[in-house]
Structures are given as structure tokens and as C-alpha cells.
Amino acid sequence: MSIFVDDDTRVVVQGITGGEGKFHAEQMIEYGTNVVAGAVPGKGGQEAAGVPVYDTVDAAVEAEDANASVIFVPPAFAADAIFEALDTDLDLAVAITEGIPTQDMAKVNKRLGETDTRLLGPNCPGIITPGEAKLGILPGNIFADGNVGLVSRSGTLTYQVVDNLTERGIGQTTAIGIGGDPIIGTSFIDALEAFEADTETDAVVMCGEIGGEDEEQAARFIGEHMDTPVAGFIAGRTAPPGKRMGHAGAIVSGSGTGTAESKIDALNDAGVPVGDTPEEVADHIESFL
Amino acid sequence: MSIFVDDDTRVVVQGITGGEGKFHAEQMIEYGTNVVAGAVPGKGGQEAAGVPVYDTVDAAVEAEDANASVIFVPPAFAADAIFEALDTDLDLAVAITEGIPTQDMAKVNKRLGETDTRLLGPNCPGIITPGEAKLGILPGNIFADGNVGLVSRSGTLTYQVVDNLTERGIGQTTAIGIGGDPIIGTSFIDALEAFEADTETDAVVMCGEIGGEDEEQAARFIGEHMDTPVAGFIAGRTAPPGKRMGHAGAIVSGSGTGTAESKIDALNDAGVPVGDTPEEVADHIESFL
Amino acid sequence: MKLHEYQAKGIFADAGIPVPDSQLAESVEEALDAVDEIGYPAAIKAQVHVGGRGKAGGIKIATDRDEAETYAEEILGMDLKGYTVETVLVESGVDFVDELYVGVTMDRGEGKPVLMVSTEGGVDIEEVAAESPDAIAREHVDPAFGLHPYQARKVVYNAGVDADVAGDVASIVSTLYDLYEANDATEIEVNPVMITSDRDVVAADAVMNIDEDALFRQPKLAELEDEAYEDDLERKAGEYGFDYVRLSGNVGIIGNGAGLVMTTLDLVDYYGGAPANFLDIGGGAKAERVTNALDMVFSDPNVDSVVFNIFGGITRGDEVAKGINEALSGYDELPKPVVVRLAGTNAEEGMEILNTDLLGVEKTLEAAVQRAVENAKEVSA
Amino acid sequence: MKLHEYQAKGIFADAGIPVPDSQLAESVEEALDAVDEIGYPAAIKAQVHVGGRGKAGGIKIATDRDEAETYAEEILGMDLKGYTVETVLVESGVDFVDELYVGVTMDRGEGKPVLMVSTEGGVDIEEVAAESPDAIAREHVDPAFGLHPYQARKVVYNAGVDADVAGDVASIVSTLYDLYEANDATEIEVNPVMITSDRDVVAADAVMNIDEDALFRQPKLAELEDEAYEDDLERKAGEYGFDYVRLSGNVGIIGNGAGLVMTTLDLVDYYGGAPANFLDIGGGAKAERVTNALDMVFSDPNVDSVVFNIFGGITRGDEVAKGINEALSGYDELPKPVVVRLAGTNAEEGMEILNTDLLGVEKTLEAAVQRAVENAKEVSA
């Protein structure tokens, strides 16, 4: 089993005629993902990455019965693309775009509360259920089918941890990058809740980082609601306050909220071991299995 | 019994220090309504119509445990006053103000969908449960306690019909003016549904007028869901298309939707007799009882 | 408030929507000067608030100066569904290959603005809506968020607009929505948006109605209010602050509250008369407002008889009667017979003190209307 | 992006928020000229992005010319928590009787902007928040609707602001929210808003941070970006388009992806070193970006050793290695020792072709970091 995506997922790629969109659509298809259409205004009737392109997401969903979207649209137009996706009652929209203004995302967040569509991201690498479907830009070859779930705010850090797991022969049910922005559609808790409910997921890796209080909330959720063991990692222990560490969301506030220490403490309080290095995370997971 | 208001209703009056607000607050109190507070920014700590005034509705509700509001605030500020009322989780807000821009009301309407508060109006005379509570500007003395419900888009037309009923000794459970604007908080259907559920209401008068399609929808509702007999009246049979007949909502569109004929036909189709004169409406009601 | 085509087009042009070259003319000479400058073909368009101007002969296309003169003479001063044409818009004729309909209006049922686009433009859109509703693509706008750019594209693509002009049409839709919001419009309609042989898009007509309740925050539009009146009595009503609509009958009607006044009109009709107007004087009925209301109906040459129907409500009937008597104090004799009916609180006391030397008084609405209808028949007989 | 106090106050003043008279000065003479014009008392305020400037000696109130000279000399050129003060704002001293805190920021958890008002202004608001959270009134704004006027009033009344100034303070709150929205701010803070003995309200300080991701639609603010840099290396990183943060250690760090770079920093610390910087070169690692990244760390005098950690992902390791080799082609010898670690797709092929004459290569992140830390110790020894 898996969470959020599997081989029944039918994907429309927004921005499929752009460089990134086309490349990754091809990569997704190569991985075996069921990419059924593209959506780009003004490009309706064309073909890209071997699938038909429609002018609107609505038309693509209607014609190809898609139930998920992956969004490769530049930051200035990305919020609009997300609104368009949310308007078509998809099950899942994955926003890869980095650099969407936060106030745009606040508006998107409001709309999210009015729909049943799950948004993943933005500023995320996407989601993969190894051997079934890949929505996003994750490098498929480092993943392996297995029984560990992974949820992370970061892309390459995810790859690092997955690499450590796969090298030990530990595969994954689903790996999810929830994104490095301050306002994102799917939280740690959303993913953890789904992993807890997934009968094939026997352990979960949660990679957090500085900024915000999502990890603290997730820690409380784990303590109160999860039987599946979780191992944690928190990036940014050495980050100074007030500085944005690459991710728009990775910032320790002047008041000292959002520190790695606070997150690590919260996880430890919930019985979640936190690795000092990615290898240690893999050690903890190995010990759970 | 009654609908929406009774002697447990605890009322805050927004705009109680203005001429209209103060006069009608006094009238409401004189009628026996449980007016517990006023709310006017900058007037907190004062007293008006014998009740304490607070700077915000929030503070008034908090301090005096109000569960309903009546809004006497000029059109330019009225939508803001409604938003303020909706923000405090009241059971009922009654907006008397006439002349609120329609686009403001479209925004209010959106918020309404997000709250559990009922909005009555705007541009309405209010609501009265004879002998228990009066929220608004209706002349209390023409009403009598009884078993007929009344719902109307118009103020003085309501008085006219009530007068005809009361003179014949037919009293009312509750009478509701839903307002003459194109976008209003409580529809005919909302009121009809409540009257249908009210065990003491044995018959209902519904006074519609030209514009929109609320009466047609209400007619379908009556046909499908109501056992309580309804008598109708529709004002504006002689109104030319494209002209606003006093009420912002009373306009037959150029395309011929919103005509009195269409509404009368719909009501007749639902088995609702429609009077040619207010007296005839009273005749129909008398025949039901 | 309805803007004239030329006013709406001015607003469109300022917002960057392409409109044809045009000039306003109030005389045949001005029209010819305009057409000399603009060239042929030129459209000569009556500037009155009447739907279906074209069918009614209010729009003609001149291909030379003689035609221009003939048409200008025909249209200026013509009676178009009861309105006299005092101004024409002389406009460069557009060589079009296709016509679209684009509109923004408030969907009352949804409580949301709705965008509408159809490739069946240039004809009566109401007929299109009635006969083939699917020919009109619709997109509702959430009033809290405002228009999302994708929605303008979506409604245009859903309507089946040709791909090569879809972007330009979406841009017009988007601008129209902005104007709708910024100007507190209740309706904006461009029918047709013309597509030229060069695949340019041009707004060839313009309907723009403004929410009167929002004029307080639209000072520039409020300035246009006077120009927007097409009737001296409507202008006067605006000055007096009355809700007023002029009709074609001979029974003048004054009352308080929109629903009750409409009912009074309906009863005039029901009892065989013909209402001359809708006039709502609002609450209270203070002497000054009564004076102004009487001035309105007395100065309407169509009015032969008047019915004055007031439901007192909170305002006591005796106070209303005093206001009426005070307003009558200037008259020795009324120019037209007036029947008054008071109802509500203290109505009997009020009717007792009414000046019955000048007024007829009736106790019920039905009786008052019937008497006013009879009076009108007598006067006009 | 953090604006300087004087920049933010300029924006406030343009929006109608009362601010004290002030002038910018870059030398003692300019400061004295300014104070001569503005009069006494005058505040001399260091313009650096450092919290708690007052406590750290970066703000002084001069009551005469001698004091002004002394303070200007003290502050100009001083080191304030690692930043050199190059500019001071000379500002008319406000005779205040009360101080408020007013702020607008994004509540990440709620995904909504939040207004904050407290009567405990003029002190460290973080301490107030920690010790008596009820002393700060909060009001969330729905980002679709924007600020409703009642919300500005409500947060002010809920904070317990004196009735006679509540309206003026609500008006400042409302304007600040407008500025927050219009300028894509992430945070606006005025601490304190001063209330004078005449009961006027004045914004005596100004913090305004802008969302860097929104600068593409904030051209005026983007122009301020250069002035906003306080460090030449940060400026250079801006030009190169890198996410870069300068730190105080001596191990330079280059990597791709924020989380992985942060992790590399953390491991440097974990293995006993001290990170000199955060530098994320993003995806791909093309030769030009590698060249620029090396230029960044090599030109930082604090850096003694470098670790270069790339997780290839979709970009294959051999391509990354080629990019690195190409970037190194200009060097006979590297100015500082560099350890490279490649991971992911084709990482081994990549490591095989890396130019090991110039670079150290390690297979695991842990080993690479440990070696870079050792290198740094050797160099600095």
C-alpha cells in the first residue's frame, strides 16, 4: 500500500510545455506514472511529452479523467495555477514551484479550506510511491519499494536520507516532500496521519527543519495518536536567528521560536529519537524493523 | 412557539447612539424586547436607551451575553458592521440599513457561508414574535399573537397585510421582513422551512415582489416540502422591465426574468393561492384556519 | 444608473480596451463634421437607454456623406421607444469577421458576480440565453478573492473562442471585471466584441449600469448621474431623493415603502386604471417631502388624478396627516384630484384631521385606489 | 529583505502615518547639520539591521550640540553585533507620555496575517509575548477579504488603548495593514508608537521586512535591495543568485538544497568545526554556478577550508563532476583546501572523474565534513 498516490493516479501536468515541465513529465512517464495530459493556456491541441495538451486544467480533467496535477509554473503565475487546480476537484495537486510570494499562498490556503483537494507543496520535490507513481522531480532511481514512510520539508535532504535507507536495503511505502515554504498545503501531521493508517508502513522518517511550529505540533500528534514508530531529523541547528536559510520557511524568528532545539525537544518528548546525522536516522529506522 | 426570536433573545444594537438606533432601541425595549447592550466605536462606557454601550460588538456580546444584533449603521459602514456581527457567533443579525452597495453584500454573503449566524436583511424592517420580541423597526401595535406566520420582502406591505389579518382577529406566530435587496441573508425558503417546523404556525403568508427568482424557488420548496398552507402575494405586476422599483432588488430584468407573472404562476403551480389584493390574501388565510 | 454607450466606452478606453474611434454629436452639422474626420463606413448611433436600438432604427451605417446626413437627420430627434434622441455617437465602422458577447453581472441567486462569454454575439443575448443556454459560457467569481486570471481564460476557452484571439478576449474579460469591481457596476456588457479580419478585437458596443447605492463612493460616476437622466421628472425625483419611475398611465401614485407603492400601482391596474408613476417618499412623510411629492405628480402632464397611500407604522397617522395638511397650506385648490388613505398607528385620528376641503379620504387601500381611478376617468373624459 | 528604519519611515510617511522629523547622516558633520535643523532633544539612531539597538548603545538622545557630537562620533563607525554603523538617522525627540506596540505579521500556523497591539510598547515585545501573552491583543485577517475596518478598531480596543487615541491608533493599524499587503511585507512593526502629551500618536520606530519572493512585483522595493545589504559577500551572493548567509566560523560550505546545506552546516558543528557560511547553489551545478560559488568562499577571508556537498538527484553525478572540473580549470592550485562529496545518481562515476589533483574526495557526507573540519584546523593552526 501507499499514501496519496499509486498506480491509479491519473496526472495532468500544468506547464508541460515549459523546459522543466516537459523534462519532468517525461521523467515521470519513464518512471511509470500515469501522466494523461498537460495544461497550458494557448497550447490546447498540441502534444507534449507524448500526451495531449489542453488550454485549461478543467478541460484536461474533463477529457482525460485526471485526478491529480503537478504544477511547473513560474512563481508569478503559480498561485493562479494552484487556484485553477483546486477549482477542478482533483484529489491531489502537487506544486513544485519555488518562490511563490507568501501572501499569494495565504490566499491559496484560504481556498484550500473550501475544497476537498489535497495540496502538496509548494516549493517541494513532490511525492513518490516506489514502483507505482512519481509526481514531481524526485530522482526515481534512489527509491525502493518497502515499508518505511518518509515525510520531509526538504528535497535533497530527503534524497540523502532515502539513499541511506535504500543502501541498507530498506525500501519505502511513500516518500513525501511537503515543501520548504512558510505556508504549505500538506503538513507533517497530514502525512503522519496517513502513514499511521497505512497498514504497510511499519516505520516513518520525519525530516524537519528550523522555522515555524509544525514539527512541535507533529511531535504532539505522534505522542498522542501514533503507534507506528517514527525517527526524526531536524536541519538547521547552527542557523542564526533572523536569517532565511535557503527555504523561505527556514527561519528562526527573532523571538526564538522555530529553533531546532525546540523541535528536537518536542520530538524527544514524544518518544521520537532524533538523529544527529542522516546515518543515525537510518540506524533508528533499522532498529524499528 | 415562534421562529428565530423569542423572549430569550438577548439583543445588542449596533449604532445605538445614532438617531434611528436610539429611537428604535427604545421602541424595542418598550415592546418588551430584551435589549441588553449597544455597540458603537468610540462610545464605549456610555449609556443609550438605558443600556450600556461598548466599543465593539465583541465586547458587548462578551459582557452582556447577547445572542442577536440589530444593525442601524449608515450604508457606507453597514457591511463592516455586519462582518463585525458575524465575527461574534451570534445566532441572528438583523440589518435594517437600506442602500448597502450590492458588491459589499456579495462579500458579506460569502462570509455568511462560513458562519452559523443567520443574517436577516439588509434593507428590511426586522422580525417580530408578537408579545415576545421585536428586532427592527416594525410598528409593534399592529401585530397580535396568533398562529399565522408571515414572510415578506417589503416593510409597509407587510404592515398592510398584517393589519388586514389582525383586524380580522388573526394573530401571528412570527412576522419576518427578509429585505428588498438583491442579496439578502435569509431567503423565503429559510423562513418557510422554519415555519413548517414550527408546530404553532398553522398557515403562512408569503409576500414576494418582482426581481430575482427567490419566489419561484420558494414555490418549488412549498410544493415539495410543506404541509402548512401558504397564501401568496406578489407586488409589481405593472412594473416595466429594467426599472428599479424602489427596492434595489425589485427589478424585472431586460430578459424578462423576475416578472410577477412568473412568480404567480410558480406559486399557483405549487398550489399556493395568490391574492390580487391584500384583502384577498387575508381571505385565503382565513379559509385555511 | 445606466451609463450611455459613449460614457461607458470612455471608461473602457481609459482601461485599455480597444474601442472604435468616435465623436459625440448633437446636431446634423456636428455629426457630419465628425464623420468627415472619422471616415467611412461610419456608424451613427442614438445615445438613449433603450435595448435593441439597432432593430428600432437607432443605429445606421453610413458609407458616404449623403447617407451620413440622411441618417443623422433621421436619428437625431427621433422617438425611440418613448425617448427622444438628442445625441448620437458617430463611430468608425469596424470591418469584422466575427462577433462575440462578453458580459459581467451579479448572479443574485448565487450572490456572486458571473462572467459570461458567447461566440453568438451581435444578436439579442437574451434570446441566445433562452434558446441555447449552452452557447453562453459562465464563470462565477468569488467576491472575496476577486477574479483569478485563470477564470478569464477558462470562460473564453469554454465558450469556444478562436485560439488566436482567445488571449486578447480573456484580457478584455479581465479588464471588464476590474471595471465592474472598481466602478461598483451591477452589469457590464459588450455586445458585440468584434473580431476584425486582422484578428484584432474591438469593443463595438458598451452597456454599463452602476449600483446607485454605491454612488457615495464613486464621485466621478456620481457626476455623470445628471447626464444619465433622460426625463426631467426623473431628474427632479433624483434631486428630491425619491425613488421614482415614470410610467405611461394617468393615475399618479404616492406612497411609502417600495412593496406597498408597487401594490398600489398594481391595484390601479386591477381596478381598470393606468398608473402614471411609482413614487416612494420613504418613511415619516414630513411636510417638505409631501410638498415635493405633490409637486412631482402635479407637474406631470400625464397625471389626471392622484392616490396617496401611507401606512404609518412607527410614524403615527396624526403626524402624517399634519405633514400633509402643512404641505397643502399653499394651495387654495388642488390642480388634480387627490385621494388619501392613511393606515396603521393612529390612522383614524389622522384621517379625522386631514384637510377634506382639498382631499378625498378613504379608509381602505382598495377604496382609495378605486376612487382615484374613477377621478382619472372623469378628468380625462 | 529587511528595510532600514529610515526607508520604512519614508514609506510610512508617504502613507500618512505621523513620524518624527528626521534626516540621514553619514558623518559627524552631517549629523550636526541635521541636529541644528531639527533641534533638541534629538535621537541619533544607528541604521543597521540589529535588534535591541538601544540597549546595545546604537541609539542616544542628545539634548545639546556637545552631546550630539559625542554621540554621533560614538555611533558612526561603531560595531553593533558584528555590523559597522555607516549611517545614522537624526530624529526629532518625541515628548511622549505613553508607548504602544503595533505590528502586522504572518501567522504561519494559521496561514493568515495577524494584527498585534499592546500597551506595553517601547520594550522588547518578544519578552512581553513570552511573559504576559495576554498583554498583546491579536486579530487575524482573512487574506481573501483583507482587513475589515472593524478589526483594526477591535484589536486596539481589546489591547486597552486609551479611548481618546484609540481612533488614531486604529487608523495607524489599518494603514500598516494596507502597507503590509501593498508591499508584500512579511512583517511590519512599530515599537513604540508614542503618545505625546498633546495626545498625538507618532511612529517612533519602524521595522519592515519584505518577502524576497515577491520582489519581482515590487520594483520600487527591489531598488532598495542593494542598500539593504550590509555585507559585501551577501551583496555578491545576491548578484550570483545564491541563497547565502554569512556566519562566523572558518569552514566554507557549498551544497545544493536548503535542507541538505543546513545539515552540512550542522555536521560541521557536530564534528567540532565552525561553519563560515550557508551557500545553496540550487539544482544542477553547472560550471558557471560552481565557479561563482568557489569565488564566494575563496574570497571570504574567514574561510580556511571548504566542503562541497552535492546530491545529484535528477542531475547525474558525472555531469556534476564535469561542471566542477570545468570550474576548476582556471586554477593551478586552490587557495583553500576543498573536499567534495557527490551522492545520488551516477555518483561513483562522477567521483572517479573529479580532478583529485586539486580536490579531496569523500564518499560519505560524514567523512567529507570530518575531513574539511580537519583541514580547517590545520590551516588555522
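Note that the chains take the letters A, B, C and D in the order they are written out, and that residue 1 is the start of every chain.
We adopt the following convention: contacts are C-beta pairs under 8 Å (C-beta built on N, C-alpha and C of every residue); 3 or more make two chains touch, one makes a residue touch a chain.
Chains and their UniProt names: A, B = Succinate--CoA ligase [ADP-forming] subunit alpha; C, D = Succinate--CoA ligase [ADP-forming] subunit beta.
Note that the structure is predicted; figures quoted are calculated from it, not measured.
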item	value
Of all other chains, the one whose Cα centre sits farthest from chain A	C
Repeat of interface B-D, chosen from A-D, A-C or B-C - more than half of residue-number contact pairs shared	A-C
Between A-C and A-D, the pair joined by more C-beta contacts	A-D
For chain A paired with chain D, centre-to-centre distance based on mean C-alpha positions, whole Å	28
Chain centre separation (chain C, chain D; CA means) in Å	57
Inter-chain centre distance, chain A versus chain B - centres from mean C-alpha coordinates, in Å	49
Where chain D touches two or more other chains, by residue	142, 144-145
Chain B, residues touching no fewer than two other chains	107, 110-111
Topology of the chain contact graph, where touching chains are joined (line, ring, star, complete, other)	other
Pairwise chain contacts, counting only pairs that touch as defined	A-C, A-D, B-C, B-D, C-D
Chain A-touching residues of chain C, taken from the complex the two chains share	145, 148-150, 153-154, 157-158, 163, 166-167
Touch list for chain A against partner chain C, complex	41-42, 44-45, 55-59, 77, 80-81, 83-84, 87, 107, 110-111
List of chain A residues in touch with chain D within their complex	24, 27, 75-76, 99-103, 105-107, 109-111, 137-139, 141-142, 152-160, 163, 180, 182-183, 207, 209-214, 217, 233, 235-240, 242-250, 254-256, 260, 276-279
Interface residues, chain C side, partner chain D - complex	142, 144-145
Touching residues (chain side chain D, partner chain A) in the complex	49, 51, 106, 108-109, 111-113, 126, 129-130, 142-144, 181, 184, 186, 211-214, 216-217, 243, 245, 247, 255-263, 265-270, 275, 278, 280, 311-314, 343-345, 364-366
